[in-house]
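Notes to accompany the following structure.
Order as written gives the chain letters A, B, C, D and E; numbering starts at 1 within each chain.
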Amino acid sequence: AEISDGKVKIGILNDQSGVYADFGGKWSVEAAKMAVEDFGGKVQGAPIEVISADHQNKADIASNIARQWYDTEQVDAIMELTTSSVALAVQGISKEKKKIDIVTGAATTDLTGKQCSPYGFHWAYDTHSQAVGTGGSLVQQGGDSWFFVTVDYAFGYSLKDQTTKFVEGHGGKVLGEVRYPLGSTDYSSFLLQAQSSGAKVIGLANAGLDTSNSIKQAAEFGIVQGGQRLAALLFTLAEVHGLGLQAAQGVVLTEGFYWDRDDKSREFAQRFFKRTNRMPNMIQAATYSAVTQYLKAIDKAGTDETEAVAKQLHSMPVNDVFTANGKVQSDGNMVHDMYLYQVKSPAESTKEWDYYKYLATIPGNEAFLSEKESGCPTAVQ
Amino acid sequence: MAELTLRETPARTSARLEWTLVGLGILALLVAPFLVYPIFLMKMLCFALFACAFNLLLGYTGLLSFGHATFFGGAAYFTAHAIKVWGWPPEAGILLGMAGAALLGLVMGFFAIRRQGIYFAMITLALSQMFFFFCVQAPFTEGEDGIQGVPRGILLGFLDLNVSMNMYYFVLAVFLIGVFAIWRIVNSPFGMILRSIRENENRAISLGYSVANYKLGAFVMSATLAGLAGALKAIVFQFATLTDVTWQMSGEVILMTLLGGIGTMVGPIIGASLVVGLENTLATSGFPVTIATGLIFMVCVLIFRRGIVGELYARLLKPAKD
Amino acid sequence: MTMIFGIPVQALLGQLLVGLINGSFYAMLSLGLAVIFGLLRVINFAHGAQYMLGAFVGYLLLTHLGIGYWPALILSPLIVGVFGIVVERLALSRLYDLDPLYGLLFTFGLALVLEGVFRYYYGVSGNPYTVPPLLSGGTNLGFMFLPNYRGWVVVASLIVCFGTWALIEKTRLGSYLRAATENPRLVQAFGVNVPLLLTLTYGLGSALAGLAGILAAPIYQVSPLMGSDLIIVVFAVVVVGGMGSILGAIVTGYMLGLAEGLTKVFYPEASNLVVFVIMAIVLLVRPAGLFGRDA
Amino acid sequence: MAPPDLNGNEPRVVLSARGLRRDFAGFVAVRNVDLDVRHGNIHALIGPNGAGKTTVFNLLTKFLAPTNGRIELLGHDITRTSPAKVARMGLVRSFQISAIFPHLSVLDNVRVALQRPGGLAVQFWRSLAALDRLTPRAVELLRSVGLDDARNRLAGDLSYGRKRVLEIATTLALDPKVLLLDEPMAGMGHEDVGTVSDLIRSVAKDRAVLMVEHNLTVVADLCDWITVMQRGEVLAAGDYATVSRDERVKVAYMGTADD
Amino acid sequence: MTSASPLLAVRGLNAWYGESHALHGVDLEVFRGETVTLLGRNGVGKTTTLRAIIGLIRKRTGQVVFDGKDLMRLPLHRTAHQGIGFVPEERGIFATLTVDENLILPPVVAEGGMSVDEIFDLFPNLKERRNSPGTRLSGGEQQMLAIARMLRTGVKMLLLDEPTEGLAPVIVQRIGELLATLKKRGMTILLVEQNFRFASRVADRFYLMEHGKVVAGFPTGELADRMTLLHEVLGV
């Protein structure tokens, strides 16, 4: 066989104990293992192994581990890679070492843009897809005047700027913005400013605990009851779970996956739930998808040699539990449909983890930058 | 009477022992890259230098800075930016990083040395948190992405640092020079005044020494050397990220020093190696790193205050003393 | 409508009120720190973690035992206080004779462990805790909608802060405590049970953090991370107030809350820096802090 | 209250204070103090506890800032100068509680003092061996105070009296023009009092000494001029004979017994 | 004045500072109502003896019996309640407490102590500064305060460590009178003193220490006979 060292080894490198541990965390590792089992544990006759490490959100640790994995532990591909600084650093190493990496946990569009790699892939979502999803679609739903509460650093700006583009592109208006420093705990002041702007939609250009706290405090000040809508630009199921429907109800958000979307996703989610006692979110499902697709590519190429597998990955459609119509662009971006959801009120929720109400679908080609726009130097122009 | 182990003067008689250890250590480092993964070794050396620079301040002037990440991470940013964006050669980038760290040290020191002990610790902590926020927001640091893909470049126009072994020996050389510089500062006329200030500040003033200037001097030197370590790390890993300016990083360097032995030359090096090794090992073990780090802190403070090297000296030197 | 720098006075009032609410947390937390520091000479780095613990205990009481907010308001500080007592007995009490920096390092380690354990078991996205029904809803003050719960927080914190202040500055117990700070062995030789006193003090300081935690639970996400960044701001508050000064900690807490509130209106980007900037200025002008005793 | 002319050609004034005042939160610790310290003199500052002697010392050496008044050292106005600068100008003090560097050796204690005048204070790039050139002078100083046998011991291990002697030796290392000694004999055993008295006498030949001392035998024996303070003010001044006859001084300070 | 069994009996007392052995078997007795002075050069262990009796030194062995009770086994804070008060050499005035607060700090352990007013009559200086922080007093004032605060507590016995150090002669005189007054009231006193003349006026008996041991003990009456020994040991 053409499998190097007689086995295929996949490394899941992500944050398992830090601020992004709920994003993917240990459960992404579990998803990867499920994918391997579902694939039959073997590809081209060679056993498949999943190893994992906690990069603690430190790029140097991640980069150290990535190099060690590639150089001494015969790891063939690294996946998940929560947080941008880590994803970019590891993608750089993978490119240098000619290895495949598939990012499911980071949001920056640079991964398939300026800093793209012929062997690097971006699954799940990016800041662009979040912006289009929430920004564009909400305007169509009547939310045509916006006020942003933006976290004051590059990530916040890019979410806000891209969203603004789509809000305005769809005929909406941005009335104002308040930029607050990272790590604030009290948002009432910013929310009051947003409230008095009279905007129909308050866009939360932030992530993680910042978003949770903003939403919780907005509920306290009666902002949603007052008729304004809250749009969380980067928010996932795990966080809605943490926040509780009482506080989160009415929030609008964009996700690439929801467990209760269709029969396939429900079946997967139930199996996942049995193993982990929680429903999979977008990142975990994407990790499952990425592993599966990678294995399929090896199977099809008949080898785990990087160039050949990358070629297959670039050409094969993605059709699995995560998405039904995924297509990988030459910049490495896996383009697929995204969905706009609204968080249910406690009354609307009928069962455990029943959190989302479907609002709209954002077709993949709108949600993601095309290879022309991406700015990736090695992409087909 | 209070037992001030933290500010205890290192035992005089330990000098010979230290030299033997140093000799063995250098030898080991020369052959190490053939046995251990070089990038790991380089990381270890960077942190070891960082810890030594930190120890210059804590171990020899008794000032506990809780803001040293500012110099380490700050220099990493300056160096990375100079090399990547301005296209400077690595040696110039490193010098810029050190200069930047020195400047930051001057500013932070200016505020902090007005107070001592825990006050000093808290003020440095607060100021470094300010610098962290600055780094989060300043465009040149590229926020949470960090400055990525910094080219290693050609050292002095002839040594290609992209070759792993070249890089390693360069790092080793810088490390040794840095540690020597620290050793020299500690054992210099200037170092002698620092010790006397630590022992009795008012007396030193009455002898005509402008204590504040000496402390500031030591602070800036420590900052500069911490900056050297940070600059080096940026080149080794080819990026500079926010991690290195967080207050948790300041805590980590304290841990390294405490674990190895405050006020010893070799201690911080050993401490740094252990912490770096531990972080790596725990990364794949599934055991949360913060818990382990926290436990080591608690254990060190409670029963192991002299640190590994400190304990070792105490054991080895005891018979000699009697 | 009257305007100040382009901001309607009413909106400004609202923002000031919001600042005062934040100031309440600063005041309670810096008060606990100041009590512990003032009497034990320990910088309690675990203060943020104990604040988090207070909130979590409330959350766990609710989810596992069905114990609601009002009992938790008593139980939670009590449990955190007892935890503090255990920590003091087992560990901190062994460090008093050493350089105070060891206390700082120990509690730093403790903070890491506490935070790490909760992160490990409860994740980071936090857990919900709702406002007790009695205080839900809000009151329209004319210039703003004030959630009743926040009003309660201000009142509660004022009571707690000034109660503690009176206990320490105005009673004999307080003078024992202060004397014990300086020379515990001597005070003990005078016939005062100092070890017990110190244990209870740390317990009290921890309980104050726990109380702030349970008060915060309905406002912020109950998350393992809730204390770790806050604590540094609180440190700065204590430095500005003058370390060890109880009154300084309280007054500065409220003041800086207000200052931060104003910054959030005029220049929100700098709202996290304003406390540190004020700290730097205060250090230049009055190195001992606004209320510091030792010049 | 300026000292009277003794014989027309008085030694020059090296340290003088005029109208010195210091308030502590409403309490006036020192008020309207005039003081002239002369070259070659041993000048005692005595007075009941709390009279303000230590405070005057702190004011003169700039460890405290005067609320009012003016201080001159060797003709220069030092009212606003920093303590380290004042020390460099030649005004050096000892402390009421003995001040040495306990974890340095006795020799190093003296060498530290010699480093600055020897121009070896900021050399962070030189080895400690550079300090060897200060050793002969340090040993000489130690010998002059009878401490050369202890030169390699840690200063902290010395007995109380020997610590004070060491402190004086380090002070002398700076070759000060004016020496301020705060209760140099306090807590000292009888055996040491004599040694230190002799030492002070011998060093005073070439400089001015201002000392606070409660041991009146020593004061009577050693001092050329005495200023008595009470409640922050100068009560009397003169030589021992004059002052000890002063009724006010007896009531306020010396008491009726002949201690 | 002395009764049959001593109020304080110390036998074979050893004490250590860390590794360094400071007391090598101190034996001494103080009877009820007596004033006993401990003499000795700097560093022989006088202070250490007092500290070891009271329990301020953790590492100690031997026997300390006060009023029939074994002090070796009591925790530090119980010792004072047996009726023994300690005035340390370094005075131990608290900076964060006012003079008033310093004065009332030690808990009253028995009846018969002085009232605050009586104390202020004795030390008018203190009254004048009663609201200022303790350590803002001058050295001598602090010494007065240190003695004064023990007088409130009603202890039976005082351990005084160099109470005249750094005091003006008038004050020394006053303290001499004070000790005489206390003695009349039946107070038992163990005094450490460098000021030999002062000691010889107030003491009933002397102990002479050398190298961490008591080497001689004699009543004041024998003082004249012992002058050679004292001269040899103390240089007086």
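Descriptive notes on the structure:
As a convention for this text, a contact is a pair of C-beta atoms (placed from the backbone, for glycine too) under 8 Å apart; a residue touches a chain by one contact, two chains touch by 3 or more.
To keep track of the chains, here are their UniProt names: B, C = Branched-chain amino acid ABC transporter permease; D, E = ABC transporter ATP-binding protein.
These numbers come from a predicted model, not from an experiment.
Where touching is counted per the definition, the chains common to chain A and chain D are B. Common neighbours of chain A and chain C under the contact rule above are B.
For chain C, the chain whose average C-alpha position is most distant is D. Taking each chain's centre as the mean of its CA atoms, E is the chain most distant from chain B.
Look at where the CA atoms of chain B average out and do the same for chain E: the two points lie 51 Å apart. Chain centres here are Cα averages; for chain C and chain E they lie 44 Å apart.
Per-chain CA centroids place chain B at a distance of 32 Å from chain C.
Averaging Cα coordinates per chain places chain A and chain E 76 Å apart. Under the contact definition stated at the top, not a single residue of chain D touches 2 or more other chains.
Among all residues of chain B, those that touch two or more other chains are 133, 137, 288-290. Which chains touch which is summed up as A-B, A-C, B-C, B-D, C-E, D-E.
The touching residues of chain B, counted against chain C in their complex, run 2-7, 64, 111, 114-115, 117-119, 121-123, 125-127, 129-130, 133, 137, 247, 251, 254, 258, 288-291, 293-298, 300-302, 305.
On the side of chain A, the complex with chain B involves touching residues 16-17, 26, 51-61, 63-65, 67-68, 71-72, 83-85, 88-89, 92, 108, 110, 115, 152-155, 181-183. Across the interface of their complex, chain E is touched by residues 172, 175-176, 178-179, 181-183, 185-195, 293 of chain C.
Across the interface of their complex, chain D is touched by residues 8-9, 184-185, 187-193, 195-196, 199-200, 202-211, 217, 221 of chain B.
Listing the residues of chain E that touch chain D in their complex gives 41-43, 125, 129, 132, 136-141, 143-144, 162, 165-173, 194, 196-198, 234-236.
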